[in-house]
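What follows are several structures.
There are two complexes below, and they share chain A, which is joined by chain B in the first and by chain C in the second.
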Partner chain A sequence: MQWATGPAVPVISVIVALLLGAVFVAATGNDPIAAYAALARGAFGTPYDITETLVSAIPLVLTGLSVAVAFRTGLFNIGAEGQLLVGALAAGAVGARFAELPGPLLMPLVILAGILAGAGYGAIAGVLKAARGVNEVITTIMLNYIVVFVMHWLLQSGPMTAPSALGTPASARIGDGAILPVILPNELVPLSRLHAGILLAALAVAVFWFLLWRTSLGYELRAVGLGARAAAQAGIDPARRMALVMAIAGAFAGLAGMIQVSGVFQRVFDGFSSGYGFDAIAVALLGKNSPLGIVAAALLFGAFAHGGAIMQSNAGISSHLVSIIQALVLFVIAAEAIVRGIAGRSRRGRKPVEAIA
Partner chain B sequence: MTVDMVIGASVLAATLRLAAPILLAALGGVISERAGVVNIALEGSMLVGAFVGIVAAEQTDSIVIGVAAAIIAGTLLAGIHAIAAIHWRSDQIVSGMALNILALGLTSYLNFQLYGTTGTPADVPDLPTVADQSILVWVSLALVPLTHLFLFGTVSGLRLRAVGEHPRAAETVGIGVRRVRYAAVLASGALAGLGGAYLSLSVAHSFTDGMTAGRGFIGLAAVIFGKWSPIGALVAALLFGYGNALSTSLQGATIGDTRVPVQLLGTLPYLLTILAVAGFVGRSRPPAADGVPYEKEGH
Partner chain C sequence: MKRLLAVPILAALTVSACGGTGSGGAQATGGAGTAPAAKAVRIGLVTDVGGLNDKSFNTLANLGRQDAEKDLKVETKVTESKQQADYVPNLTSYAQQGYDLVISVGFLMANSTWKVAKQFPNVKFAIVDGAPADDAGKTENLPNVANLFFAQQEAGYLVGVIAAEMAKAKVGKATNNTVCSMGGIPIPPVDTFIAGYQHALQTISPTTKILNGYSNDFVDQQKGKEVGLRHIDQGCDILFQVAGGSGLGYIQAAKEKGKYAIGVDADQADVAPGVVITSALKRVNKAVYDSIKSVKENTFKSGDTFFNAANEGIGLGKLDPVVPASAKAAADKALADIKSGAIKPKTDIAVK
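After this line comes the complex of A and B, so read on.
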């Protein structure tokens, strides 16, 4: 686990981003200290806020794992967003279609639907990469947009369309057996929405770790990530591993979509995702593609997401400040050489792309 | 469904209107990628162009200043990408993603700061029209042959393509690889910024958060589908614009008893692009050094 050995770069990235963000807040005539205080209070101020931060972090953990497992194999999965949406649609469809089934039957079905749909969608990019050498960055960007429009159709005038109380196009409500229960009793934290999806996320983190560091497949995947040519010399077929890893990446993201439907919305709303799949890129990079690092980064970004909303309503500063900070984090990480310089750990001759992989 | 809904004059006019911003972004993408830098921050350049264009036009009451400011804003954002990609040799995709998020965050933040929840003022000056189309539509079309001539008919264009295909060889014959790449990325941002100005000043007459809605990425798709050539980009942009126009004109239309799933037309650019890169619709190959950071010998 790399992160445990070298958290300096990620921590410096976040600090630099926060400082730049503060300069920006001050430049636009607001008080940065007040802004960050409101942000922190919003994220952690009450037990309820802490649970909401966790609720926001859950999908980020899973999409972070999705991006990270691909990075570990030397691939860039920009498609976590699309894979998440496909997983959500599949889970929503199955959860509503078999709504009468009892929970012990329905829940595994819904989980499987989300995972398989995401895996299948991720596999498209993987197979095209393996069979035709198509850059997965291009395909996953395109696949993200394709599912958005398919989703518009399904939920606005297609077979999944149901009347929605909130006026947003949505699918029918999923059955009670497909709903992930709230795990904190109301007496402990009133109104808490913290659901059992957090357990699924924890399980996924363990699976990620076990797969990559305790199985021969994981060893091969990492070998391909460190150098496809060398891996091929060692008898590993990089193309097949790449196809497979994109399916695995899609499975993690698909599970994230399923969890949002089953744990938060109980149906699929058109445009329900606030870009978890895109934030995931920053989560994976900030977490250095390691299990604990991803959890830490997802918690940070979850805190940004929930805290930002509270900051806007309480301090009158646009919640988009957190997007700016997140973008800066990502940008600073991309310019890793500079951060390394600040950290005094400059390693010469290593290209950023290889460092990511 | 009627013939008019498919090839009527209003559909064709809408095609041009919708193709223009895609085309501007795509021309930028062609120039940048031909020089060897992938710029997915075109979306961000477009968005800051759209925002700054409205603010500048509204503050100065001058449409010319509005458009100029949009171009400058798009160029500046691309400049950050250029520094990251060329100077720091950052991962170009990560840097581009970061700048897209930054552009969305910055413009939304400032929009809230400046105009609160009321939105941008309605009294922004309008762009002139020629033959019922914004002048910028004609500008974007005129830029196609100009870009083509530049890339394939001038020494500078030859140098730019050399840098994108084989930077080491280009360096050997005395071409400043970094300088050419900087110029190309900045130009791509300028074009995308102009596309943003078109969207906010000419089409919407206002700014709303995230209003470019992926048009920069459709532009990127047009680059690939158009095989990294200006004329190919034009064909792709017109095709994608047409699909877009159809999805509006066929709204509510039926074939027999079934409603036309207009939303699915939106998938067209992306599906076609995947088919193109996968070699199912002709082979689409990027410049050899596209997206590869360049290091000088002995660096």
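After this line comes the complex of A and C, so read on.
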């Protein structure tokens, strides 16, 4: 089983997806090599592009952790998108309401608001799962819709509507104390938007690792994920762990929303997230739910996101190509699991179970 | 093992179900091939999240770019923004490469354009439908930015005349004397269209029931369709949409239920022949073309420029054969009156 958890399989998946993507490019009468060269140049060509790729990757790291921590407990969190939005709304509301507070007071408040709101929203699905056995896939999808529409109301004609013409329904700007500073001096990388959220993301990755592999709670979560009934036999209450892990998943996603507000946009607006919570599912799968894997996958998808636009302007290839490649990555990963599943069944499940500890 | 199998497959399915808003499409950017050797004028166009295939606003802007490339021998490139977070990096990318003119397509890019234009005072910018706006949302004219505005209410008024005449005379399938509209989100470039439309309806056919709604989206056709079906349930038989890609769903609803629709920005007669009775034309292509021309000919002017009926910036699209001659005559007269100033279409929505 060890071979399957190493980087080999994801790397091969990406390579296969890129090769298949090349077929699409060629089919539209363009040069695949030029396309990928432009994509890579767009994502990493200048220091500015590298920082933009990082800015794109930050929310994907956190939502990836959100999906992964639920995966590890045997749950499928499709709700990272909604949890991110709730976190963003809470952070945006607190950041604007207490805009006058000094940074050392306001910043922790805003961070806490984002994390707690996301955790609370995630916990709804978790509690429903634990108490009534409601499938978390269904509830998290539905909760996504609820927050999207509540957000329309809040921003268009509700209490968070800002009386300004920013061009889109939006909340008021957060106070200066709530803004995550840009961490690279302008002399080093002019115009860089790379903000301190990257440090929060790094911290979150460390927390994810420590929680799952260095605490007894993490041990229990993973035990539930590998086999809820076996875990119950060992004295772990799977229902309570599932409720808890959805709150933890929501906390990671809520932090992502908070970081987008404080680091990038300084406010919440309609169309705030472009599906970070959905891309996160691919990030978690590609990253094999491991801390470093998620970081690598998020960087790859961040590079796609930023590089894709540049590829379009410089090589004339639609930036939708990167969506195709992302979908292909998922397909290849799913196909790999099928192949492995068939192989596993032929051996009548006598495969050694992945070590928990 | 079953779970191991199920999860990734489910993931693949769900992702495609939840996230599938991308409308694939290749577009030709002639730039690289046709560029003359020395010091060509270089133009970069950045679309908003509606994308190049919205068959309205962005499509038209791109058309203006392509026409300019052909006629004016300038080198042009285009970038589609997939999310609002892309606006700043997409604009910055062209500015950093020293393009002569960077065009932002859309009101939604007002703040991003302000940010980038301030950083690059030596690059010229043009923004369609807006003016640079600072972080607080306050408009600030910049010496290197041209603000391209349209009198949307005039175009809305013209299609409103057609709708009012048809509702009043109960022409064809328009038997309920109920006329509707749908915007993407309630922002001025959208609402002014609808304001002019409602003004014409209330002036010409005061008994007509008017409904208005929003899809809260400029991309998702499904959301537009839902609003359309709801409007049709409430008796609407003429549906006017100002919602980019989302509006195509509104037209789709009219098509499925056998009602009439009115197109916007571009001439959308081809979207659903026999359903789209006319379109409120907003010639974004003209605005883009003219601004490129001004840079090429060194006549670039910052600040506000208005495109209206008088300078052919707006107009009425092709009329479906179902539209009676009397309605056409009324619209022609309204156009003349708008040009002469005898009619001043309202810019505030009457029925929200």
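In this text, the second predicted complex is superposed on the first by the 327 of 357 C-alpha atoms of A that agree within 3 Å, B and C clash if a C-alpha of one lies under 4 Å from a C-alpha of the other, contacts with A are read in each partner's own complex, and residues count from 1 in each chain.
Definition applied: a contact is a pair of C-beta atoms (placed from the backbone, for glycine too) under 8 Å apart; a residue touches a chain by one contact, two chains touch by 3 or more.
No experiment lies behind these values; they were computed from the predicted model shown.
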Chain A as common anchor, with chain B and chain C clashing or fitting: clash
Touching partner for A:F76 - first (chain B), second (chain C), both, neither: both
Which partner reaches more residues of chain A (counting touched residues only), chain B or chain C: C
Partner chain in contact with A:F269 - chain B first, chain C second, else both or neither: second
Contacts of A:I281 with chain B and chain C, given as first, second, both or neither: both
First (chain B), second (chain C), both or neither touched by A:I141: both
Partner chain in contact with A:L128 - chain B first, chain C second, else both or neither: first
Touching partner for A:S318 - first (chain B), second (chain C), both, neither: both
Contacts of A:T161 with chain B and chain C, given as first, second, both or neither: neither
Segment of chain B intruding into chain C (one of 22-30, 166-174, 202-210 or 220-228): 202-210
Touching both chain B and chain C, residues of chain A: 28-29, 76, 78, 137, 141, 152, 156, 278, 281-282, 285, 318, 320, 323-324, 327, 330-331, 333-334, 337-338
Complex interface listing, chain C residues touching chain A: 1, 3-5, 7-12, 14-16, 18-19, 21-29, 31-32, 44, 49, 77-86, 88-90, 92-94, 96, 106-111, 119, 130, 133, 135-139, 185-188, 216
Chain A residues within the chain B interface of the complex: 28-29, 76, 78, 128, 132, 134-135, 137-139, 141-143, 145-146, 148-150, 152-153, 156-158, 278, 281-282, 285, 318, 320-324, 326-328, 330-331, 333-338, 351-353, 356
Complex interface listing, chain A residues touching chain C: 28-30, 46, 48, 52, 56, 71, 74, 76, 78, 81, 137, 141, 144, 152, 156, 162, 164-170, 173, 191, 193, 260, 264-266, 269-275, 278-279, 281-282, 285, 305-306, 308-310, 312-314, 316-320, 323-324, 327, 330-331, 333-334, 337-338, 340-341, 344-345, 349
In the complex with chain A, residue positions of chain B that touch it: 40, 80, 84, 88-91, 93-95, 97-102, 104-106, 108-110, 112-113, 209, 214, 217, 220-221, 224, 259, 261-267, 269-271, 273-274, 277-279, 286, 293
